[in-house]
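So that you can tell them apart, the chains are marked A, B, C and D in the order they are listed, and the count of residues begins at 1 in each.
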Amino acid sequence: MQKLGMGQAINQALKEEMQRDPNVFIAGEGVGVSIHLNPMFPTHGLLEEFGPGRVKDTPVSEAAIAGLAVGAAEAGLRPVVEIMFNPFFTLASDMIVNHAAKLRYLSGGKSSFPLVVRIKSGAGFGAGCQHSHNLEAWAAHCPGLKVVMPSTSADAKGLLKSAIRDDNPVIFIEHMGLYFAEMPVPEEDYLTPLGQADIKRQGRDLTVVTWSGMLGAAMGAAEKLSQEGIEMEVVDLRTLIPLDKDTILSSVEKTGRLIVMHEATRTAGFGAEIAAVVMEEGFKYLKAPLKRVTGPDIPVPASPPLEKFYIPDENDLIQAAQEIIE
Amino acid sequence: MQKLGMGQAINQALKEEMQRDPNVFIAGEGVGVSIHLNPMFPTHGLLEEFGPGRVKDTPVSEAAIAGLAVGAAEAGLRPVVEIMFNPFFTLASDMIVNHAAKLRYLSGGKSSFPLVVRIKSGAGFGAGCQHSHNLEAWAAHCPGLKVVMPSTSADAKGLLKSAIRDDNPVIFIEHMGLYFAEMPVPEEDYLTPLGQADIKRQGRDLTVVTWSGMLGAAMGAAEKLSQEGIEMEVVDLRTLIPLDKDTILSSVEKTGRLIVMHEATRTAGFGAEIAAVVMEEGFKYLKAPLKRVTGPDIPVPASPPLEKFYIPDENDLIQAAQEIIE
Amino acid sequence: MDVPEEKKIKMLETMILSRKFSDTLVELCKIQGKIPGMMILSTGQEAVGSGVCAALDLEDVIITNHRSHNHLLAKGADPNELMAEIYCKKTGCNKGKSGTLHLAVPEVNAPCTTTVVGATLPIAVGRAFAQQYRNEKTVTVCFFGDGAADEGSFHEALNLAALWQLPVIFLCENNMYAGAQRYEEHTKVADMAERAKAYNMPGVIVDGNDALAVYQATREARQLALDGQGPTLLECKTYRCRGHGETDPQHYQPKDEIKAWQNKCPIPRLADTLIESDIITSSRLEEMQSLAENIVQEAVRFAEESPYPEPHEALEDVYV
Amino acid sequence: MDVPEEKKIKMLETMILSRKFSDTLVELCKIQGKIPGMMILSTGQEAVGSGVCAALDLEDVIITNHRSHNHLLAKGADPNELMAEIYCKKTGCNKGKSGTLHLAVPEVNAPCTTTVVGATLPIAVGRAFAQQYRNEKTVTVCFFGDGAADEGSFHEALNLAALWQLPVIFLCENNMYAGAQRYEEHTKVADMAERAKAYNMPGVIVDGNDALAVYQATREARQLALDGQGPTLLECKTYRCRGHGETDPQHYQPKDEIKAWQNKCPIPRLADTLIESDIITSSRLEEMQSLAENIVQEAVRFAEESPYPEPHEALEDVYV
């Protein structure tokens, strides 16, 4: 099987969907001509293949980029637009939250908005808090949006293709750290359904629910815990909205113990939602209180030791697992 | 004691703070000359009292309004700016989230940003989802911000005065439904500290944690439940950030049962955070799983029966209370 | 360019209908509990929507804002369904989800109405992009107020539309007020059309109380757009004769200013022109008026008799 | 207006220092793991920051963006603390919280640096508002690029500043690129200064590689601002001689274009003028260069020898 970084997998998904459906186009800052000549990046080479009519470099204008998607989607096109870094979601948020998410409802179901907003995210680049700020919880709090956050290249390809074919607005958040980790990706055209979590590792002693950039740490921790005789089940959420409660709840039913791990800051992060759902619907399964392993409630600092302190890692998870098992 | 609607109480707080400190000014759309000639509104009469130098009507430019606050606060002024309706927070969100909240951190603590952003919120006006969308969970997810949501006129006055004197950026969210409910407000100059929840009613059988527009429903429900012999403790959060965990946890320790009630949509709402905190730190007190009584995961619809369906009410809470007690 | 007679008549008809519609709403919304939400009308501004929409084909698209009733009626929206939606009834064009403020009528290519000031512009850019992408021979008209022209979205949208030469007309309905703010209190630029220069786009000023002038300017901008010459910023100068909404006491609008503009009312102005040039007779005018009266009466009856949506319908239409 | 000799010398000094600082960073950031984050330099654009800041008093404020090093050095920021912050060390001006991108130096009235493109403008409006509110005899200069001039925040900020006649200079550093996009690919307007018309504000174009011209234009705009005549949009035309950041291969920038602009380098240009007009000798120039060399060497040494912050310090400085 081919081995691809997540950027390449996304590239393949974009390419296949653009070949398949002439209504698909991409737009954003540097999606055509880029300051990166790097084939690991998601939109590399698409301009050459599809031309400037379908690969639209835009000015630095996030509201216009998102509005472009809203208007074009209403007309039946399938825009896939890019917001360069997650903190700039703010600048596009009126168009996404008040329009992409709500206009269908406001039309009484007459119009639909089949658009995808791809957002690069994730700390770990020393770029600081105006480039690194995980805001998936914002999107997840807005009915009308779907929210996808893949953690493997194969999932990214299949999920993005599903997102593009979905008739609803989808926020598709990519952790940049995963662009450079090569992983197996099926060659063929396949769809990974939105709304289905994936058990990336079976376990009987406790469950960790995670997504996006944290999967690697979770898998690493699971490996090490296994050596101590603790078997951790790793649930990769993949899509936050729609939320696959069933998979989470059955896992917790089995293990009786739950940790949620995400890179975003703790308070009012999406981990809280998982906690609430499990509390409401799986309380009786719980043998111990849930724990959250998350970024602390601070902006992401630039300096390497500080940034490392910020990003939750294998050790944090192992420690939480040991505590919860006791 | 004087009886004031929340708008009037806010008006009094603004007036007192502007009289006290010449660095305090207010700005926003219609904060001076307004389309409302209504003394129940928060900025009524301030232009006449303080003049156009300190009461600044701005163009319809939310990013500029928030940027005005950020820049002026850095210089040592104490701006109190208004975002007309909560959904327009999106348009100001880059300035608030990436700047007001982060620039102090980015400066290594050299600069500070003593500003207040007042936001009108709340459903119930038939205005639909582009005017009614409760986004407190967004602000609560951004370290660097404090988030205040009063539910009584007296608290509003004391909390706004504290917010204005606080050296951090404070998001102060006002439920418009409370503007018209007259409640006792002490005449004198007093401060209600940020970060302290208030037990609005004592009870031993279960706890409801709520804030802002939902307090009325909670108190009403508590009254009715009491007639059935169920004593519900009503914790009015007042400030979401900093979160007063102690008050919540001691109440849950006492009652063993918890409901969180808010008007915002359910998924990834701030109720989830309360659930997570109690799960993490008060699991052993819980005799039953927590419940959330919230708006459903839909945009706020305009039509009266639909909007009524959206807004959580006394009956929803009573039902949840009865279920949780069983 | 000569305005075809049937277009002139059409404009007059839709203006009269819009006015009758608004005047009826003025009365209805005084009745407590009858019509939920804010009531935002365009009394006195009808030459804009009617002039613009007469210049468009059905396939042309409009994106409109909080002050939309005249635009939508002129574009051909069904008055019954509009009124029922304004009443928040189940039979409304948006099943009561929208109410008066976000009326969406995709059937007449008025698919998105937004009350977020300035938000019409980026959406219109997207809609016009689709027209260009598919090589359609149609344009998009984007309505917005003078206040909206101060929002950042205005700037981003005009820059992008000019850059890509999109077939869009940015229609600034300058009614001299944004909420309680007079034009001079929210910007220093003398004419909003001047802002076109910032994007190297044509900027045109037109008397917004002259339906014929609005029609002609729209036709010209439309032709430019269809010829691949990109967008135009078209500023229609008019006046908000009523308050921002119906609860606004207009305390900040000088009485004599209102009076002066009421005297410039676009409806008698067009009617007189048509009568003087023998396009219609004054009895035809009366017929138009009573026809409009009937349509609006019928719309009110339809709305009144329609049921509210069932509460649980609130859960529908969020996702496809 | 004549430029005082000491100002001319000052400009040359800060330009030479900035260039040395940048050239050193070019080399340092090639060494894996030495300097975290992106490395964004203003090589070839030094006449802008140096010309502007020479025209300002210490009390005047600058708000700057991702390409800030030259602006900050010219404003008088301590090179040691800047370098240490770029190295993300504890002794950096922001204790390692900022790194290279958001350097804040309130001591020299450069209190906010933001990498959100376009975000400098609304903040500068707020800062200038405070100056007006307190009747200070100072101005705020807001730096931003040509790309930033397409953001909505540009528009809102300029409109508000013009409306309130705030003492702010909007300094557009037009280096012909925004990321990989050439100027003509991101806007249709020939000159960004043209956009001033949209706000009824003076718009001025200046040769951004001529420090003296930049100085003079800044002085004039500053005087207008101090006289209560409000903001100016000042466009400095220059060129980004290196990539957007140091990992950018510049594949989209024509080689001969880069070459041609390197030949217009502002530093020899000013040096030659000063030598020709006998303000400095060529040996003084050499002294300046070796002084700059020493300062930068010392800054590197300081940064290298400084410790990183302790991990738990990440928790500090969020709230007062």
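We adopt the following convention: a contact is a pair of C-beta atoms (placed from the backbone, for glycine too) under 8 Å apart; a residue touches a chain by one contact, two chains touch by 3 or more.
This one's a predicted model, so the numbers in the text were calculated from it and none came from an experiment.
Colleague: Considering only mean CA positions as chain centres, point out the chain farthest from chain A.
Modeller: Measuring from the centre of chain A, the most distant chain centre belongs to C.
Colleague: Need the CA-centroid distance for the pair chain A / chain D, whole Å please.
Modeller: From the centre of chain A to the centre of chain D is 36 Å.
Colleague: Between chain B and chain D, what distance separates the C-alpha centroids? Give it in angstrom.
Modeller: A distance of 40 Å separates the two centres.
Colleague: Going by the contact rule already set, what residues in chain A reach two or more other chains?
Modeller: 59, 61-63, 87-88, 91, 94, 98, 105-106, 128, 130, 143-144, 297-299, 301, in rising order.
Colleague: Hey, what residues on chain D touch two or more of the other chains?
Modeller: 95-98, 102, 114, 116, 150-153, 156, 159, 163, 185-187, 318, in rising order.
Colleague: In graph terms, nodes being chains and edges touches, is this line, ring, star, complete or other?
Modeller: Per interface graph, the chains form a complete graph.
Colleague: Report the residues of chain C in contact with chain A in the complex, numbered from low to high.
Modeller: 63, 92-98, 102, 104, 106, 111-114, 116, 119, 121-131, 133-134, 140, 152-153, 156-157, 159-160, 163-164, 316-320
Colleague: Once bound in the complex, which stretches of chain B touch chain C?
Modeller: 29-30, 33-37, 57, 59-63, 87-88, 91, 125-128, 130-131, 296-299, 301-310
Colleague: Under the stated contact criterion, what part of chain A meets chain B in this complex?
Modeller: Counting only chain A, the residues touching chain B are 87-88, 90-91, 93-94, 97-98, 101-102, 105-106, 128-130, 133, 135, 137-138, 140-144, 241, 243, 264-265, 267-273, 275-276, 279-281, 283-284, 286, 288-292, 297-299, 301.
Colleague: With touch defined as at the start, can you tell me which chain D residues reach chain A in the complex?
Modeller: It is residues 36-38, 88-90, 95-102, 114-118, 147-148, 150-152, 178-181, 185-187, 243-245, 247-249, 251-252, 308-315, 318 of chain D that touch chain A.
Colleague: Of all residues in chain B, which touch chain D in the complex?
Modeller: My answer: residues 25, 53, 56, 58-59, 61-64, 66-77, 79, 94-95, 98-99, 103-112, 114, 143-144, 146, 166-168.
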